[in-house]
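You will see two complexes here that share chain A, one where it goes with chain B and one where it goes with chain C.
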Partner chain A sequence: MLPAAAFYILAASAVISAFMVVTARNPVRAVLFLIVTFFSAAGLFVLLGAEFLAMILVIVYVGAVAVLFLFVVMMLDIDFATLKAGSTGYLPLGGLIALVLAAQLALVGLAWVSADGAALQFQAPTPEDTHNIAALGALIYDRYVLFFQLAGLVLLVAMMGAIVLTLRHRDGVKRQDMHRQVNRTRAEAVDVIDVKRGEGIG
Partner chain B sequence: MTTEMLLTDLRLMIPELMLAIGAMALLMLGAFWKGEAGAARLIMRLSIGLLILCAAAAVWMAGKAEGTAFHGALRVDDFILYAKTVIYLASAGALVLASKYLETERLAKFEYPVLALLAVTGMSVMVSSNDLITLYLGLELQSLALYILAAFNRDSLRASEAGLKFFMLGALSSGLLLYGASLIYGFAGATGFDAIAAAASEDGAKIGLLFGLVFMVSGLAFKLSAAPFHMWTPDVYEGAPTPVTAFYATAPKLAAMVLVARVLYEPFAAMTDEWRQIIVVLAVLSMAVGALGALMQSNIKRLMGYSSIGNMGYALVGLAAGTALGLWSVLFYMTLYVVGVLGAFAVILSMRRAEGMVEQIDDLKGLARTHPALGWSMTALMFSIGGMPFLVGFFGKLFVFYAAAEAGLWWLMLTALVFSTVSIAYSLRVVKVIWFDEPAGVFEPAPAGVALISRTAALATVALVPVAGVVLATAIAVSS
Partner chain C sequence: MYEFVTQHGPVWGTVMAIGQIMAFVIVLLLSLAFLLLMDRKVWAAVQMRKGPNTVGAFGLLQSFADFIKFVLKEIIVPAGADRPLFLLAPLLTFVFAFVTWAVIPVAPGWVISDLNVGILYVFAISSLGVYGIIIGGWASNSKYPFLGSLRSAAQMVSYEVSIGFVLVTVLLMVGSMNLSAVVEAQAGGFWNWHVLSAGMLPWPAFLITIPMFVIFFISALAETNRPPFDLPEAESELVAGYQVEYSSTPYLLFMIGEYLNIVLMCALMTVLFFGGWHAPFDFAPFTWIHPVFWFAIKVVFFFFMFAMVKALVPRYRYDQLMRLGWKIFLPTSLAAVAVMGGIVVYSNAG
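Up next, the complex of A and B:
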């Protein structure tokens, strides 16, 4: 009874806050609602018995990604109201398509039939005798090692992309060079100039 | 997983390992090599060599290596190895086209070949994927690298726009694909192709699986640039640097087509009648958009964009057959298409005047008089891509149409025939400009690599005709 109640509360808060993310006028508010969505999803993970994923979601998405979003939104000062101004023209057609899709989804949902033995085929059932992290590790570094490595390659490409598309080498920029600064000797730092009387430094 | 198991699995993915490790080694080399221009040139050459080595490895594996690796996540057989060989060679050709261009346009950075290698790794994983997760990771690896290459000329507004447009629509299509994949996983209970095939052969789960499949095919159609998911194609073709366009007009198209074919033929083989409807709609729309859109273009790169949309349509006609013959016809068609398009882009890359690159169709005026070899090459290539008898492109189309007719899709074949005649019209327009208009000026001499590819591809449109004839005759003999 209690898990069911918790599920409905969390699911409802996830859906409502996700809706608010899209409709909020103020972008800062939208990001805050996004954080609520992440928290609700983390709660759903806990209900499913995936505590580790729930914690990761909170730490990575709430702690890092959403806060980064918040910074970007605050720094860029985007006026979402003007951005959205043109979108009302597309509302009738877009809404109609969305409605048709939703109706189709509902029809399929009503006719939901899982294949025989689908539950048995689940590739990684929630483990009973070990904790989440050990179970995930055993899967990711053994059975799914290929996926893990491929995901690493995708991240490498993303990193290269960020560097290739944004890094610029500018000439004449003074940079700190610790090694050179520390190794400076008295001879190159201090110049003793013999100033002749009556002429000054010219 | 024991060491022996790991080694057996790794043996099946030798080309991918070579590519991934080679790309990372070259990245390190580039990062620590003194002097940017020298590093770019060296790494470009090494990458081309690596791709040719990979093609050799794939050829060597053919007939010897067959089976699945990593608990069924990856699959290797002769069909897949053939596709991989073509992908590696086409990518090597695209890099040859790029090397001189990048230097003259001040874009020579060592990241270009490294990103191209990573994109090829992605394509390679894509074509051998045997699991929805492998499929997605391969696709994403390939597309991310291509988005970056499209925006590689970051100081050009058009290239940045092309990259951004490509990225946005690509992200949307990945979303569609993932949504479909999650629905399929929900209905089948597994992500492996074999398990999905087992679930698809049962009656009860078909509606759910079909719903997921519709989303997945829509996502893949974006990558194929099949209508109605083609909007990005002409803009990206026009905006991206020409060698980048040449790169993704060839190998990624073939990889995406092979991927679509494998998804439809392996896990969803039991649902052929259902997915045929989707493919037929995509095919007819693509042929129409490609043929009619290409008639109105004045920019040769945009023309190639529309031509690629149309050609994807013809390939889908063969796919709609749903038979083994259809599968081979698609692969054959795509191979000939890749050769033709690579040659056509080599000609486009030769269009350099003293003031810089030009890319209008009108700039080709009188090419046959000013540069006879280039004029002949472009004529042969345009006719071959358009499907004019009796160049190889015609045999590719004939094979595809034969496969469709064999499967009883007569009206689809007739529709394709009509659009095929329309598509000859735009090739004729280019050929008319080349042969009958007053020369508009001369081009600078093309770099050796570019000239070699344009001549070889043009020769291939004629020289491959006997091969195409034999393939077609064998196919007809086997099927009847």
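Up next, the complex of A and C:
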């Protein structure tokens, strides 16, 4: 009974906050509702027995991605009210897209046939004697290691692309070189000069 | 908690689970009151002052007097502030500071939730701690808090990365993400604690774990916005950062949350590197003392170190802070993860 109650609470909060993301007037609040949605999804993962995925969802999406969202949204002065002014005109188109997506989901759901013996696999997602995380690690780093490495490579290329696009060298910027500062000696920094009275330093 | 419900029935199980949580929270808050006093006393001693000495003997009741004063003051919400978010922010900081403690094992079996992803849980919740600060700074609708909260968010996100890699080195050594298992792996004398890690010999793992501990300590200072990394509340530039507009109980909640996070970092150092509840020697006079006292002694020692750092070290400049985090700690800890992974693989195989 307790897991069922937890499921309904988390699912309701996920759906309601996802709805609020779209309808919120204030962009910062919209991002905050998005975070609540992520959090509820993480809770649903925990209920499914996938603690690792739940924690990764919280660490990556809530802890890093959403912080950056929040950063950008706070800095920009977006007024959602003016942005949304003509949005009701798109309602038919949006509704059509939603209908198509729903129809596709329904078709997939109806056409779903599971192989013989697949039902047994659903009941035990991980072998009895290993942890959830160990089982996941064995899958990622043994059976699907090539796909995992390729995904990593794609991300690396994307990261380098982002750096190349945004990197620009500016001239005349003073930079701090700690090594040079620390290695500076008295001999090169201080020069004692005998100044003759009434003449100053020529 | 779920086990309680299944073992003792819905009513009695819930009562027991809540009772356990309440006991933990009350002990934490009470010890925090005296740790706060200790912080101020250490700071005062370094500056050759007496520190709080009027309320109660040696000022022992100072924190309680402060508490009453905070609670009795008026809560002022600025006119342009986003009222619900303004009041939500300190609550978030306060709650997140407490929920992480659910997985910290203080003695054998003394843990509220023995999660098998304990390390990840700690990391996940500590990465949420930044929200209290960002929301607080934004909702105040004022320049100084906003700048302070932006600084703080960038700082916490940067140093989380190296903290994450330090956690990964430790969990590679243990082979488990359960914090109780991490402590169990360090049984049998101080040389087995992860910081020295004699169990890994002949591989000199301490050459990695000692620098990792130093990185963790410094990153913990940055993560909790403690001096020398207290740029979010640098009083000479930003008055008090994200706390400028807060008064009374909301300010108190921020304070408690911040100090609780510091104690949490001390507890994490104890659990990950210094043997948790284990005594330094595994024989007679040391094993008579209950494990929870060993845990508490280590935590208090690290808190003392935090207080000393606050008293001794001048504040970093912001670009230096970023340089340290991204250009020094991140590559070092990344390399350490790779080397430690290699050691673990070869020592198991050979």
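Definition applied: the second predicted complex is superposed on the first by the 161 of 202 C-alpha atoms of A that agree within 3 Å, B and C clash if a C-alpha of one lies under 4 Å from a C-alpha of the other, contacts with A are read in each partner's own complex, and residues count from 1 in each chain.
Here is the rule we go by: a contact is a pair of C-beta atoms (placed from the backbone, for glycine too) under 8 Å apart; a residue touches a chain by one contact, two chains touch by 3 or more.
In this text the structure is predicted, and so the values were computed from the model without any measurement.
In the superposed pair of complexes, A:Gln104 makes contact with chain B only, with no contact to chain C.
Looking at the shared chain after the overlay, A:Val173 reaches neither chain B nor chain C. Judged by the touch definition given at the top, the superposed model places A:Phe147 against chain B, while chain C stays out of reach. Looking at the shared chain after the overlay, A:Val195 reaches neither chain B nor chain C. Contacts of A:Val164 after superposition: chain B is touched, whereas chain C is not reached. In the superposition on chain A, A:Leu76 makes contact with neither chain B nor chain C. Judged by the touch definition given at the top, the superposed model places A:Ile133 against chain C, while chain B stays out of reach.
Interface residues of chain A, counted against chain B in their complex, comprise 104-105, 108, 111-123, 142-147, 150-151, 153-154, 156-158, 160-161, 163-166.
Across the complex, chain A is touched by residues 1, 20, 24, 27, 69-71, 73-74, 109, 111, 114-115, 118, 121-122, 125, 133-134, 137-138, 140-141, 144-145, 147-148, 151-152, 154, 187-192, 195, 198-199, 202, 204-205, 207-208, 211 of chain B.
Every residue of chain A that touches chain C in the complex is listed here, in rising order: 1-2, 26, 28-29, 32, 35, 51-52, 55-56, 58-59, 62-64, 67, 70-71, 74, 131-133, 176, 178. Residues 2, 5, 10, 82, 85, 115-117, 120-121, 123-125, 127-128, 130-131, 134-135, 138, 146, 150, 153, 157, 160, 164, 176-177, 319-320, 323 of chain C touch chain A in their complex.
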